[in-house]
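The structures considered in this document are given below.
Next, two complexes with subunit A in common: one pairs it with subunit B, the other with subunit C.
And then the complex of A and B:
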């Protein structure tokens, strides 16, 4: 017995059919589940040239291999499709309870093609899979739609169903929209929400209750207990958050060292990802003033975004499925300035940075409001923040005028104008309509392309490649460009991948300048980061488990116990390599030239910043680093296309023959 | 026994191999590991010295395969 359900649900919205399809065991051995299964299936089944918003595109929802086995921090679910934002591979992932719900229906993944005639939702309880009328829910925000579906199905199902749905942004085909669950937690990236909206699919509702298999549950649970005991003891002295900004300023000047990744858990447990904001402002990691500013432009802003301010209004912490860490939380925001809601999820770092320092916005309260507005709308805060930043900078330079912005004075830090603009983007109203498809489309229409921060159409996550040049490699070499969760040098130093993988270089004490050089070692490090991230995604693991390092979050041991395998780290890293290569092949098949993914000049240091921790930094060897990364993967180092011998070595040619 | 030591800035890594592992006699403590990398006990306490992710005292006894680490503000998201 393995942890896989062995089947997927295939739904055709045009024909109104749903069928269960068995997946050969060799596929799971090759790519696990989660993003691996999605990569294999979408590569085989989406025809070249398919319209991302047309019936041929397939929207996938998948759970990872370890989901439901008892392994900790493995409750992520993944949505994937051909991205309408980039034209190539698109995916996004999210926590909550939706991942085990997929498997409890008897499937590892759900693949949805076609377009429904009228709004529908997919209901599956493990025995039946049916399409129901979703007209009453169309137009509701994601949180209200979820509540309404729960009300309708109350008493109908044996258990409370799990709902993944789109909000108005997805319905209106905003190319920066995502898919939500659990009151606005969002799989945000790549425009997956627009694809769901194009299919007139409001929601996927899962109410299965099947037991989830595992080869050796006792061993899996023993490993989890070991981690759980540690995490319970990980507490920091109260009030320490006030010093994080100073820590960031110090980090900006220190050489990189190998770290104990386990210590990252202390920060996530205490504050969640929002702890990174003040650190990012002072260290150079977080972008300021549309990536063109420095900490001097927002002097002392780290005090506004001190994580203790947010902890003080936290009413409850929450955890994803199988997670003892609990980085999420609910905040009481009633009565605060700019705020019309009673509560919101604790904003993630990405959201705070994108609507705080990036826009020079000093109002933490407004970020609570924006967080709730965008979560309910189902719009990506990273892309939305980057797009608003572009609009403000264009306004600053006279490229946009009040006549074009519906009278909004889009000046830096103008909280009222930012709020109004985001409301317009969500409603696709007036000037907001032009911004609802992201910064690339907006700049093509109005000009100001030099201020449009995107890579291949997708806006970058809130981490600066000038601070960590490995981010720059992944921003462009990743098949879903602009994603910040594939690898960083500091994270590599925390994971100790060299202790499970024979070819992964050891992390060393080194000057930061070394990270900017094109070396074989750097190429192997970036490859190792990407392979391990793909492995984690195939397992359904959490990025924050990954960051704890291989000695604390024992992914290889869990996989062997859950599947009854006895593979070493090298074997598992090859699975990651296979998944990443399949995603790259998807782009090649869809006609996306890997060379077309380029860092914006500003992120290359053109022109260099005049002061601050990134003063004078340029990424002169960036393109050479990307070529070396491709070469390390066995892809053509000039074109980024996987070489035939690599495809053969990874057995991908045989996988395509196993098509169900 | 082999122990992985990930010392903070300013320590001597000369006794560690390239993957940051070191050989220590059985029965060695955190204090012994700190001595090996010339890390002062005060610095170790300030930086919340840990063994396998759990905060540890200087007298905590080490076992084969243990990882000795220190708090450093690393986050993400």
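And then the complex of A and C:
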């Protein structure tokens, strides 16, 4: 017995049909489940040149291999499709309860093609899979739609259903929209929400209750217990967050020091990802004033975004399925300035950075409101923040005028104007309509392309490649460009991949300058990072488990116990390599030239920043580093296209012949 | 026949929610508010009278903090 359900649900919204399809065991051995299964299926089944918002595009939802086995931090679900934002591979990933719900219906993944005639939702309880009328829910925000579906179904189903749905942004085909679950947790990136909206699919509702298989549940749980007991003892002193900003300022001057990955667990348990905000402001990691500013432009802003402020209004921690860490939280925001809601999920670092320092916005309260507004609308906060930053900079330079912005004075840090603009983007009203498809489309229409921060059409996550050049490699070499969750040097230092992988270089204390050089070691580091991330995604693991390092979050041991395998780390890293190569092949099939993904000039250090921790930094060897990364993967180092011998070595040629 | 009911050792519970999701009738919810060390947290508890005493929650719990105990006679 393995942990796989062995089947997927294939839905055709145009024909109104749903069928269960068996997946050969060799596919799971090759790519696991989650993003791996999605990559294999979408590469095979989406025809070249398919319209991302047309019936041929397939929207996938998948749970990972370890989900439901008892392994901790393995409750992530993934949504994938051909991205309307980039024209190539698109995926987004989210926590909550939806991942186990997929498997409890008896499937590892759900693949949805076609377009429904009128709004529908997919209901599956493990016995039947049906399309129901979603007209009463169309127009509701994601949180209200989820509540309404629960009101309709909770008494009917034996098991409380899990709902993944789009909000108004997805319905209105905003290319920066995502899919939500659990009251506003969102799989936000790549425009997956627009694809769902184009299919007139409001929600997927899952109410299965099947027991989930596992080869050796006792061994899996013993490994989890070891981690659980460690986490129960982890506590940081209250108030420590006030020093994080100073720590960030210091980090700007220190060499790269490999840290114990368990330290990240302390931080995420104490504050969640928002702990990074004040550190990012002072260290150079977080972008300021549309990636053109420095800490001097927002002096002492780290005090505003001190994570202790948010901890004080946290009513309880929020845990995704199978997570003992609880980096999420529910916040009581009632009565705060700019705020019209009573509570919100704790904003992630990305959201705070994108609507705080990036826009020179000093109002933490406004970020609570923006967080809840965007989560309910189902709009990506990273893309939305980058797009608003572009609009403000264009306004600053006179490229946009009040006549074009519906009278909004889009000045830096103008909280009221930022809130109004985001509301307009969600409603696709006036000037907001032009911004609802992201910064690339907006700049093509209005100009100001030099201020449009995107890579291949997708806005970058809130980490600066000038601070961490490995991030720059992944921003452009990743098949879904602009994603910040593939690899960073600080993360590599914490993971100790060399202890599970024979070819992964050890993390050593070294001067930061070395990271900017095009070396074989750097190429292997970036390759190892990408392979491990893909492996984690195939297992359904959480990025924050990954960051704890292989000695704390024992992925290889869990996989062997759950599947009854006895593979070493090298074998598993090859699975990651296979998944990443499949995703790259998807782009090649869809006519996306990997060379067209380029860092914006500003992120290359053109012009260099005048002061601060990134003063004078340029990424002169960035393109050479990307070529070396491609070469390390066995892809053509000039074009980024996987070489035939690599496809053969990874057995992808045989996999693509295996039709379900 | 004696019906079983889950009893929780909250001191060693890590709030992972695996038990609540394993429950085939959604009798468990992460609704009990309390503290885990200094952190305000949520813990599992029976949220309705649907529990069938199947023990799925106890079997699924990695931390082994759920015990199935007699809930009294059920005729």
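As a working rule, the second predicted complex is superposed on the first by the 660 of 660 C-alpha atoms of A that agree within 3 Å, B and C clash if a C-alpha of one lies under 4 Å from a C-alpha of the other, contacts with A are read in each partner's own complex, and residues count from 1 in each chain.
What we mean here is this: a residue touches a chain if its C-beta (ideal position, glycine included) is under 8 Å from a C-beta of that chain, and two chains touch if they have at least 3 such contacts.
It should be emphasised that the depicted structure is a prediction, and the values quoted were computed from it without experimental measurement.
S.K.: Kindly classify A:160 by the partners it touches after superposition: subunit B alone (first), subunit C alone (second), both, or neither?
M.R.: So A:160 only meets subunit C here.
S.K.: Quick check on the superposed pair: does A:551 touch subunit B, subunit C, both, or neither? Answer first, second, both or neither.
M.R.: Once the two structures are laid over each other on A, A:551 reaches subunit B alone.
S.K.: Contacts for A:326 in the overlay, against subunit B (first) and subunit C (second): which applies, first, second, both or neither?
M.R.: A:326 sits against subunit C, while subunit B stays out of touch.
S.K.: Identify which of subunit B and subunit C touches the larger number of residues of subunit A.
M.R.: Subunit A has more residues touched by B than by the other partner.
S.K.: With the two complexes superposed on chain A, say which partner A:97 touches: subunit B (first), subunit C (second), both, or neither.
M.R.: second
S.K.: Determine, under the contact definition given at the top, whether A:224 touches first (subunit B), second (subunit C), both, or neither.
M.R.: second
S.K.: Where on subunit A do the contacts from subunit B and from subunit C line up?
M.R.: No residue of subunit A touches both subunit B and subunit C.
S.K.: If you look only at subunit A, which of its residues touch subunit B in the complex?
M.R.: That would be residues 230, 233-234, 244, 247-248, 251, 254-255, 257-268, 272-276, 279, 348-350, 463, 484-485, 488, 490-491, 494, 496, 498-499, 506-509, 543-544, 547-548, 551-552 of subunit A.
S.K.: What residues on subunit C touch subunit A, complex-wise?
M.R.: Contact set of subunit C toward subunit A: 12, 14-18, 21-26, 30, 33, 36-42, 56, 59-64.
S.K.: Taking the touch rule as given, give the residues of subunit A at its contact with subunit C in the complex, in rising order.
M.R.: 70-72, 97, 100-101, 104, 158-160, 209, 211-212, 217, 220-221, 224-225, 228-229, 231-232, 235, 238, 269, 314-317, 319-324, 326
S.K.: Show which residues of subunit B lie in contact with subunit A when the two form their complex.
M.R.: These residues of subunit B touch subunit A: 4, 6-9, 13, 18-20, 48, 50, 52-55, 67-77.
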